[in-house]
Structures are given as structure tokens and as C-alpha cells.
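Shown next, in C-alpha cells, is the structure this report addresses.
Chains here go by letter, A, B, C and D, matching the order in which they are written, and residues are numbered from 1 within each.
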Amino acid sequence: MTSNLSRRRFIKSVIASSAAGASSAAWYSASAEDRPAGSVERLVTLNINGRKRPVDVMPQETLAHTLRYKLGLTGTKLGCNRGECGACTVLVDSVTHYACSMLTHSVRGRAVTTVEGLQDSSGALHPVQQAFIDELAPQCGYCTPGQVVAAVALLRDNPNPTREEARQALSGNLCRCGAYDHYLNGVLTAAKRMRSMGQIA
Amino acid sequence: MELVTVREDVWGREVMLGVSWDLLWVVLALTGAAIILHLLIMAFLSKAPRPSAEGAQLERHAGIDRGFHWIMAISVFVLLFTGVLPIVGVNFDWLTIHWVAGLILTGTVVFHVLRAIFWQRPKDMWVAGRDLREPFDESQKPGKYSLAQKGMHNAMTVLVLLVIGTGIALFAVMDTPWWTRSNALDEATLGWMFMLHGASTLGLIGLTALHVYFAVRPEKRFYTRSMISGWISEDEHKSNHDPGRWSPDQST
Amino acid sequence: MNRMHIGKDFIPPDIHGKVTGKAKYAEDYAVDGMVYARLYTSPMPHARVKNIDAEAALAMEGVVGILTADDVYPTEAPAPALLTNEPVYVGDPILAVAAVDEKTAEDALKKIRVDLEPLPFVVDPVDSLRPKGASARLEGNIYPREMREMRWAGSDVERFVSGQEPTGPAPTEWSYGDLEAGFDNAEVVLEESFVTTGYAHMSMEPRSVLSYWQNGKCHVYGSTQSQSFVVPFLARMLGIEQKDLVFIAEYCGGGFGSKISAYPVLALPGYFSRKIGRPVMLRITREEEYYVGSARVGFQGWIKAGFTKTGRVSAVDLYIVQDLGPKQAGGDASSAGGAVSILYQPDAMRLRDVPVLTNTTPRGPQRGPGQNQIAAVFEPMMDKAAQALGLDPLDMRRLNAPDSSATLNANQGPITSAYMEEALLKGAELFNWSERIKRAGQRNGSKVTGVGVGQGYHSAGASGYDGLVRLTPDGKLHLHSGVGNLGTYSYASTTRAAAELLKVNWDNCVLHYGNTEEHLPWSSYQAGSNTTFTHTRANHVAAEDLLNKMKRIAAEALGGDPGNYDVADERVFDTRNAARGLTYAEVAARAVSLGGEYSGESYPEDIHEVTQRAVQGLAGSGLIGVGKDKLPVRGTVPGLTVGFAEIELDLETGKHEIIDFLAVAECGTVVHPQGLAGQLRGGAVWGIGMASLERHVYDPQNGLPASVGYYQTKPPSYLDVPTSTEWTAVDIADPDNPVGARGVGEPAMGSATAAILCALSSALGGHLFNRTPVTPDLIVNHVSGQGQSFDPMAINSF
Amino acid sequence: MAAHDVMPDIELFQPVTVEDASTLAERLGSRGWILAGGQDTYGWLKDRAKSPRAMVDLAAIEGISGIEAVDGGLRIGAMTSLTTITRDERIRADFSLLASAAGKVASPQIRNQGTLGGNLVQDTRCWYYRRGLSCYRAGGNICYADSPEGMNREHAIFGASRCVAVSPSDTGTALVALDATMIVQNGDAERRIPAREFFVGPAVNITHMTVLRPGDILTAVELPERWAGADFYFEKVADRNVWDFALVSIAGAFRSEAGTIRDARLVCGAVECVPRRLEAVEAAIIGKPRNEETGTAVAALASRGAAPLNFNHFKIPLMENLVKRALRA
């Protein structure tokens, strides 16, 4: 599109919006029929844990909000809602992100994996989850989903991490109980098991 | 449109932040309108023959006063520009220039006040009853200063003293070579200081514009000359002043 | 002894939900018609609410109602209020508003006008003690168990802030022995002034709460360390009978002392829900968790300690000004005194304590409240004394180490048992102390090696609580645990004492916990490291009751004397003829038909009303074993730990790296190795936080907190702790616990704090900062020879 | 007052061309907010400390992320994630200084989401300002940090003018040392701004940390060949090793010949509102070997003219030490 065209459409939308009053939603409906360049639709279909999930998403909505309160995926925890703890860590296209600090509208067309999406079809635990149980990694457990997701991401990138590499990879996940050692033990145990499983397969 | 801007203080209470700078445009518009109006009126009025600048030169302003006037004029302009340009979005390192110019202005004003009180005749600027007749009575001629000049001077005096006073108070919240900033002024007082500082600034902008306008008007230009070279001609004196109230000496 | 469960790892039933995300914490619940509450918190450190204008907010679409102090139970200063008309710190909740969604609720808050009149405030206890100092509350500025006004003379304040022996009056004091004689016998006498900043708990799960009313019962989904212990207090807060409270706290995302019992906001949705007739969810934000989530009590103090030629601690004179925040708190000082009295066994000791209120975050117990602050102060002094006496820091500690004959506190009371020297020796060997200590002070470029050992103590056990177990006709052993699930897994591990006695396979055990409707017995609070000792006892007692009942049932059914019967392989059998016996399933079935005490129709009177209700709820469902723990206990139950640390301190950046850390537990028999390891390592992480990271900063000019989020409070991350932390345990049984166990959760932190501070000190040639946290700027200032920027005794500035 | 936490009503635009983004931003003026990775955005909005009406998300725009070679140097799209920068082979090979700096930002997840542009234009971390107080930087007429008892441990020791906030950007420090050029587009017009002029202090503009104005979009950063493959040093000293901002950071670039320094850049972060170039030190080390002696000799020049506040005079020895280390390494 040429920027002139879009600019003209934009001017219209501003008129529409100011006419539509303060509420953002109102601005939306008002500008819906002739929206400015790049303004977003609210009804979107997300790819969550391999499933298509249609959902009505406000423009300002964070992914954590959508997951927890609209899709009922409460495994993604809100520890700080400021990107300072990692309890809301999810995978977006296999990369770790703080779901509290990204907009749901920015994951349209991308694959989102939450802790609920890690068990296989039979419901068997992911090796990381099993290893965390065997190492008694969680204490209070509130940071655990984030730790699990971060560990899974690491092992996809690097199936044979050193303890130091694991420590760096998980460093965006706070654990107030201080179970760091146990999580790292879990990561290394899981890595070993996954490698041996890989060899068998 | 608000006259002052308000914000929340450290505890979330509403306090005055200062004058609303939207008023800047109002002031500029009003001043402009006044000047245009005056231009039109003068254009329609029949022009009186202009007095000649020839002949004996009578002293109107002593050198020292002219010096004072121009130093003050420069510092006021510097202060206005350094103070207002950042507000309208022209960003530069303005604060030091601003307060240094402020100190110069303060110094000159203090000097002028002392000189006016002890070595000059303050009542030259006093608006007496009969001065008020000037606009309506052709025959009523002023002494050294016309009613308009007195008005301009006295209004300037009030505003300059106000802007200087608040400016000096605001030194408290600034780092200078002599002291570091303190929070001596609570946020409400600070708001008042900034409001008065800003309001007097707006007034000065208007008055200065008018002052400059009149200074360049053809029939008043000889006053401007007198502020540069000090003298007016006998003819100019005769046609604009009442010799009974003001009879200057020959300038040397 | 060959045991089935004690000393062995197991898979706690709640852990699966934790790794899969299925675990439901309070805020993960949602019910029909639920509305969302948000808090309006005080912008001022101390103020009086003159007027609240909520008209505009209530008129908004989607706003359901507001709750103010007038709607909730009244409180008397300094008890923590639910909502208040006299906010006493920035962030103190004044009112709550409920709406159909959180955004609307927050929009509504913006429209509420709260007219506040500022009142005098103070953020540093010493400033409150000054002749013209402000009081944190209208009722006074100190709280020696009651609110009072107290000021010092100007000269007292000056002496105190200059670090000299305090002359200001102290409202509380205890002592034992001849202090003067103690100092006279001393070869070395040290005097130090110190500051330990009290910082926020900041548990990972903010204390969100959901409440609704159904059939006259109030349902509360909350986050608490304890389960049964909360019930009476929460019921009282809500003004209802205990039987009308359904309390669900299946998971608790961390507490560390800040969620021991019922805290005010736990009752807020209950009140709000009753007022507006809708279920109310109160999601607490991270910043709000900082405000209402409690913090450690801060210490400003002075200490004088005498050491004999041989290195014995002969006398300790301890003076502590406590920063209590604005509300009820303050056991820390006497706990600190207690810790000194047991860890170093001084011949004479005195504790003076000035508990001062400040307009900062409310304080409460935090992992080793008192004991851990003083560990950070006294342990580095031990090294300083050792240096003066030419002794090895470890030997210095061995000389003073408490054994089972140790005494503590003013009354010099006895303890159950202690093996601190064994702990020191075991750790020293594993850590290779004698070699490492030689490296202390070694320079490598800009880095210096530091080596330190630290000790920790906390009383770790109580008694007199109830146990409840049940055998059902399907042969399952049901273990009812009133213990809260705070992340230590003690709710489960302590029930294994019952499974152990009854010789039941873990697979045949069913755990009930985390919900009053699971029929849970009365329990101690899950704090003070006491659960392991206390509830292995209670479970043992209940199991014994069940065992005896089984024998009686068997004897009745099969003849003979109950004394002839024993149990094995989930069978009760005649020891004279093993073939004659009943399976547990059969016994349970018989119990049901027998009724009476067997199936819980009747029960002992001395069990707590909470347990009585639980038994009533279970009556007729199987063979009930229930009882109150009346086993003997000869004294205080000590939980002891030692920490060993080697660090590398960079003198140019002030940063240090912990090369190795070893934690040693002296907590009797190890009940749950993995769980113990978790506590020791977690304690080490907390110790690192206290020693060098966690901050608590207030601006004295306006009472605003600078550290309200994680990136400001700075809890340790993966990269701030050692890559791996070692641990071991002495594992000598305590005589007063049926399985030989004592608790240990809290001291594990104090010993780590101490070890790291001692290591820092050793790296700096024995320099003591006498302050926590020791942040890089302190070290850089010290090394560069320029003074520190803060006033020596200032608190809440780090 | 409330501890706000949920995203308030705000419009979202996800344009696909820089021109559209620029037009939108210009139209919106102060009501608009340019959204890159958002890691400095959502806190402001959730706290309601800043209340723009609309976000212009740059994520969907093609051509402003990714790394390409340009005459001896590199051109890095402003929307390139910090993780990409830390891992890119070309950057690691020729401009490892930037890779190191980017690798020290916040936490892995934030580096995955956060962008170079966002890290450069992020706002300061002065806690008073972040609290939403109407201080100078927020358009008021007071500074709470630089007050008799202000808690200003993290604040400036140089270049304070009423406001004493410091630059929080780790990559900004590195880019000034690399003489990078910021490419800024406004509508169809493009401006090339030297990194050093990109950042502005309070004396010149007390409410903005960069020269960007409504309608400006930072589209790319160019690293000139000049420093490609030079000797680099980066160090960030912070309380915590994750999720923390520098107490002081240093970025050094050195060209040596026959054992002596021919050309050098030394830039300190977190000591001033802008990345502070240590020109006196740079000048003093030309022609000297890069070693301990040189470092010790020139360190004091680094802090000349420093004006510490109540709680931050530790920054003086700290930055001197970092200069020594940069020259020692």
C-alpha cells in the first residue's frame, strides 16, 4: 500500500475515533469499517499447544492474560507481571518469552507452547517434568512451570548442556525457594535420559 | 483552557505546577491584535506635522541611564528567549545562560532603583491626576514622560520585580557554583513561584512587544534616538512636552 | 535400623501438579459470577482518612461495590488492619473496589477521591527515638508488647549512632550470669555496632484470595503456609464459627514466614463477597505483595563480647533497636539473644531491646527471625576474636559448640539434644577446611580468596498437636495431615512416621491435606522449622492409637491378648501363630461394624475441636487412629546448621563469586533426604540474599519505598548463587522424637549468611562491615579507602 | 493511589511499512507510543505512570530487523532481538563488543523479546520517575532524587542538570564506543545520527533521553568498518547478574600498532544521562601500550569533574577501576 493512501485512511479513522468517544473498544468499532493502516482485528485464532483457539483479544491484552483468563491455561503463572520472575515463561516458536510481557496480538500466526502442552498425546510426562519430580526440584512449585518450559527450550537447542550452560539458560527464571540446584540436577538428568532415548529410537 | 497547570505531588495531592503555556499563544495573539489595531487607527488619523530634529539638542537621557536601559533590554531578551524557546520545543542548554542573564538583570535593576531614588526624581514617573487628562486634552502636555511612557515603565517595573523575585527564589532548587539545590521550597510553594515567574514572563512578552512597536513608530522614533544618543531637539521638546513641567538643559 | 519410609525419598502427591501446571493456587480458581477486587493503597506514609468519595466510581458501568474500613472488623493498634482509616505506611490498603473485570476496577480506583490528612512519620527507628522524633502511630512509637511513647536524650542518640555502648533506656531486658565477671575473665573483648536491614519476603505467589458464600459457609481459597492452624484465626477474622469456614490452601507459592497464619487480606474477599453477594477474587500484585506481604525485622544494635584466652565466649552484652515497621512484630530481638546463648554458650549474657515502630513495610517473622540477623553479626566477630587469639575460626567454634548438655535463654533451660561439634567436624572434613583456610586472603590479580564458616540455630520443634490416621475397608491407610503445603513437603513426609509404625506400603497410603473438607486434624503452624519434629510425633501418636485398636480388634476376633499381636505386611497377626491374623482391610471392616471409638463415633476429649470435627466427619468410614501428642519432651528442640563457603572477591568491582558452598545439618535423624537437601540449599540461597543482595530502601523525606519490585529488591537469581551447593547431615537421632527427627529449615539460611560474610571478611583481612547486605558499593568504597556514603547506623537505606 | 497492574485501554496498530508507522506516530504525537519489544513499555502502561492512547507496533514491519554487511561494517535492523545479536557470527567476529553488551541485558527471555532499538531508546530507571511522580523528567519542576536525603545510589555523577537520571542502556554504551550511526526515518525522510548525538542529557532535553521526536522511527544501526575486528572490552557491574541495570558499565575499543594504542574509545554507562565518552582518557592513552601501567596512570582522568550525590560516590573509584581493567585486558 502507498503511505499516502494509508495516511488518508488514517485521517478518517481519527475522525471516526474522536467521534466514537473515549473507550478504546468504541474507537475500534467506529474505525472498524475503515481502519487505519495496520490496526488490528480483535477476533483472532491462536495456535496454542498445537490447537487452533479462536479468541476475542483486546488490543492491549498480554499473552499471559489470554492464556490464564480466556483459555483457562493457569499453568502459566503471574509472579510479577513485569518480566522480572519468569513464572509466566512460554514458548513462542520454540523460543522462551515472558507471557506477561508480550501482546497476544504479537503471537498471531506463531506457535505458542505452555507447560500444559508438554506432555505427549498419551499424557506421559515430558522427560524434564519427570526429572524434576525425581530430583524433587520444585519446592513451593509456583515458579516450576516456567522452569520446566525454560528447560525444555534449552534441551531443544542443546541436548547435551553443561551445568553452566543450563544455569545460563534458566537464569531468566527466579525461584524464591532457592531450588536452583535441584532444577539444574533435573535438567541434566532429563538431558541424559533424552539422549539415551534418542539413541534407542 | 486552563490558566495554570496542575499535577500530583509526591503524595498524590493536586498542586500547581505553574502557568499554562497555552497562554503564550494568547498573549502573542492579543499583542499582535493590539498592534494591528493601533496601526489602523494611526493610518486613519490625520498626521500632525513632525517636529524637526534640527536645532539645539536638549539632554533627555544621561549616558549612564542609556547604558542601563540597553543592558537591561539585552538581558530581558536573553531571558525571554532562553526561558521560552525550550517550552515551545527548541531544545538547547539554556539554564545557565538564563540564570546568568537573570543575575545581570537583577544587578542593573538594583542599580537603577537606587539611582532613581537617590540621584533622580522618582516623581518623574509618578502618574498624577492631570496626566490622566493627556489622552483627551490636546493642550495637556506631559512633563519628561508621557502617561503612556509612565504606564509602560511602571507596568514593566512591577513585572520585572516579580519575575526577578520569583527567579531568585527558584535559585534554591538549582545547582550553582555557590550552592547545590535543596528542597527548601515545598511543592505547593514551588508551584506558586513557577506560576508567578511564568505569568510575569507572559506579561513581559506582551509589554516588550508593544514597547518595541512604539519605539519604532515614526512619530516616537526620536525617543528611541534619545535612548541611543541621549538628546531630543528643542522642536521635539516643544511639541511633545510642557516646558513648565520639564525643561532639560542643553546637552553637551 | 531397617526402615520402610523414614530416611527414604518418596514422591509427594502434589508434585505432579507442580510440574504439569495442573496445580491450582488460589488465583487459578474461577467461579461463576466472580468479580474482581482491587486495592486503593495509601500514597502517604502516615495519614488520617478524612473523606472517601466513591460516587463517580460506583456510577461506572461494571463497578459492583466498594469495601472500606467501616465494613470490616475493627483493630486496635498495632494489630494489622484489613482496611484502615489511619494508613501507617505507603501502600497500606484503605479500601477495595470490585468490578466485573480488573481493568474496570482499576479504572474505578482512579475515580475514587480519598481525602487524606498527612500525619508525622518516620522510616528509621533511631529518628523516632530522637528527643523531637516522630511517632509512627498516634498511639506511640515503641511496642514492648504494648504501645508506648519513648524518646532518648540527644546524648543517648549521639552515642548510639556513633557506635558507642548505648545509654538510652531499653524497655525490655533479660540477662543471666555475672556479666562483669565474664568480661573480667576475657582475654579479648570486642565491641561492635551493627545494622541488618529487614527486607521483604516477596514470595513467588502473591497472596491472592478467592471467597464466596454457599449454604451459610464461607469458602476461602488462599495461600498460607499452614492449613488447620489458620482455621480458628480466619474464622475469628470473618466473625463466623469455625464449622462455617471452608478453607482451601492446597498449594502455597512460598511463605518464608509471611503466610504462617491468617493475614488480613485473607479475609478481605470474604467480607466483600458477603457485602455484594458475589464471589470475589482479590489478585494481589507484585507491588501489593511488597506492601502487605511482610518483611524481616531490621536491627540496629551494639554488641560487646568477651573471649577467654582459650577462645571460650565468656560474656555477651547485646543491645538491639528493632525496626518493627508500623504493626505488631518484634520477637526477633529475644530470638537473637536466644541464638547467641545456645550457639556460643556464654557464661553470662544480657539482652536489651528497643522495639520501635516505623512507617515502612509491616514486619513479621522471616526465615530465622532474629537468629539469622544475629548470625550475620556474631559469626564474623568470632573470626575477629579468633584472629586476635591466634586461633583457627573452626576451632574457635568447636570450643563453644553446644552439645546435649547445652542450655539457652535467660532461664538457661535445657535442650533435647545437640551435636554441633560433630556437625563442624563432619563439614570441615568434607569441605577440606584445613587446606582451604590457608587460601584465605590469597591474591590473584584483582581477586582475593575468602573462606568462611558460619553457624545457624533455630528452635525446631513443638508438641501437643493432634494426629489422625484412618484404615478403610479397602485396606488403604488414610493419612490426614493438617499441615500446610508450604513447599517443604513436610505435610507428607511427617505422615510417613505413621506409615512406618504401621508398616504400610506407601502405595497403600492416601494423603488428605490442603482443604478443611478433607477432615484434617489440628496442627501446629508451619513455621519455626517445627513441623518435622512436631508432626512426626503427632502422626506417631495417632498411628500408635490405631495400632493398639487393631490389636484389640484382632484379639477380640481371634482370641488371645492384644499384647500377643503384632503387625507386618499390612496384616495384624498373633506372634505365637503368624498364620492367625487379619488383613488391614478386614480390621477396618470390623472397626466399622464395631463402631464406638474404633470407627470414630467417640474420641478422646483432649483433642482439639478442629480434630474433633474431622473425626466426626470421618466417623463410620473405617478404623480411626487419633490422639494428641503428649510424649515427653525435655526441653527446647534445637535445629542446627553449619555453612562453609569459599569465595572470590574482586576488589575492583566489589563483586564476589561463591566458588564452593557446603551446608551441614544437625537435625537428628534425616526423615526425607531430598526435602532436607532442598531446605539446606534453599537456605543457602536466602543466606546469599541477606548477606549481599536483598535491599529495602526508603526515602526519609517522603516515606516512599524504592524497592517494591523484584528487580529492586534483588532476590538471588541462578547466576548469583554457586553452580552447585553441597550438603550433608550429622544424622544422630534425637531422643525426644519417635523417629529421632528435628527441624532445620531456618538455620540453614543463617549459617549461609554468616559463612559468606565471614568469607568476605577474611578476603578483606578481617574487616567487618557489621551490616547487611554487603553490596558492591560498600566494598568498593572500603577498598578505595573512601568512607561509606550512608550514616553508619542508617537502616532502610540498603 | 493503587498498585496498578493490568494493561489499560490502549489502541494497537501493527503497520507493515515504516512510512505508515511514522505517519501514525506523527498523527498521534504525544498520545502515541512506539512499540518494539515492549520490555520497557508494559511496565509504564500497567503502572499507569504513562498513558498513551495508542501503540504503534513495529514488529510486523519488514526490513527493519536482521543483520547485513554494508561497506566493511554492519547494518543491524532496530527490531533485531538482543539474542540474535549476541549469537550472530558476524557481530561476534568483528564487533564482539556489541555482542557482549547485548548478552548482559536483563535475562534470556527479555533478550529473546527485547530489541536493539528498544534497548537504545528505553527510558531511565530512576525509581522516583518510574514510580510515576511528576518530576522534571515527567514534565514537573522538581527532582526527588537529587534532594538532601534523596536515595540516589544508582544516579548520575556527571552531567546532571536538575535531573540526575542515568542512561540504562548497555548496548548504547557499546554503540557509542563503536562510533555507530543511528538511522532514523520520519515519513519518507531518513536521518543519519551519530550514536553520540542520538542520546541527550537533561540540560538540553529534560523529558527525553534521545533526539527522537513523534514520527521518528529508529530503523537501523550502522557499525562502521573503523572498529571492525578491533580489540574490545566490555564490563557491566550490577548488584545482580540477571535482571539488573549497571551500577557502572564500560565499553572499550582499541586499535594498537607495534604494541601501542593508535586509536581508542572508552565509554562509561550509568554515570550520566547519556553514555559518557572518556575523551581525556582516550587522548591520554594514544601511543601508550595497553597494559596495567597505562591504566593506573590514566584512571584518575576518567572521573575528573564528577559530582557525586548522597549515595553514589562509589561510582568514582568504580569507574576508575573499570578503566584500569579495560586497559589491562
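Everything that follows uses one rule, which is that a residue touches a chain if its C-beta (ideal position, glycine included) is under 8 Å from a C-beta of that chain, and two chains touch if they have at least 3 such contacts.
Since this is a predicted model, take the numbers as computed values, not measurements.
> Pick out whichever of the two, B-D or C-D, is joined by more C-beta pairs in contact.
C-D
> So the centre of each chain is just the mean of its C-alpha atoms; given that, what is the distance between chain C and chain D in Å?
Taking the average C-alpha coordinate of chain C and of chain D, the gap between them is 41 Å.
> Can you compute the centre-to-centre distance for chain B and chain D, using the mean CA position of each chain? Integer Å is fine.
Their C-alpha centroids are separated by 45 Å.
> What whole-Å value do you get for the distance between chain A and chain D if each is reduced to the mean of its CA atoms?
27
> Using mean CA coordinates as chain centres, what's the chain A-chain B distance in Å?
Chain centroid spacing, chain A to chain B, equals 64 Å.
> What are the residue numbers in chain A that touch two or more other chains?
81-82, 84, 168, 171, 174
> At least two other chains touched by the same residue of chain D: list those residues.
1, 5-9, 107, 144, 147-148, 241-243
> What parts of chain C, by residue number, touch at least two of the other chains?
43, 283, 285-286, 701-702, 704, 710-711, 716-719, in rising order.
> What chain pairs are in touch here?
A-C, A-D, B-C, B-D, C-D
> Which residues of chain D touch chain C once you look at their complex with the stated criterion?
The contact residues of chain D facing chain C are 1-9, 48, 107, 127-128, 131, 144, 147-151, 153, 235, 237, 239-245, 247, 308, 310-314, 316-318, 321-322, 324-325.
> So in the complex, which bits of chain A are touching chain D?
1, 3, 6-7, 10-11, 14, 17, 23-25, 27-28, 36-40, 58-62, 65, 81-84, 86, 89, 95-98, 100-103, 105-106, 150, 168-169, 171-172, 174
> Touching residues of chain D toward chain B in the complex: what are they?
1, 133-134, 139-144, 146-148, 160-162, 200, 203-205
> Which bits of chain A are touching chain C when the two form their complex?
Touching chain C: residues 68-69, 72-82, 84-85, 87, 114-116, 118-119, 125, 128-130, 132-133, 135-145, 148, 163-164, 167-168, 170-171, 173-182, 184 of chain A.
> Going by the contact rule set out above, which residues of chain B touch chain D in the complex?
Touch residues, chain B against chain D: 7-10, 12, 17-18, 91-93, 95, 173-175, 181-183, 187, 190-191, 194.
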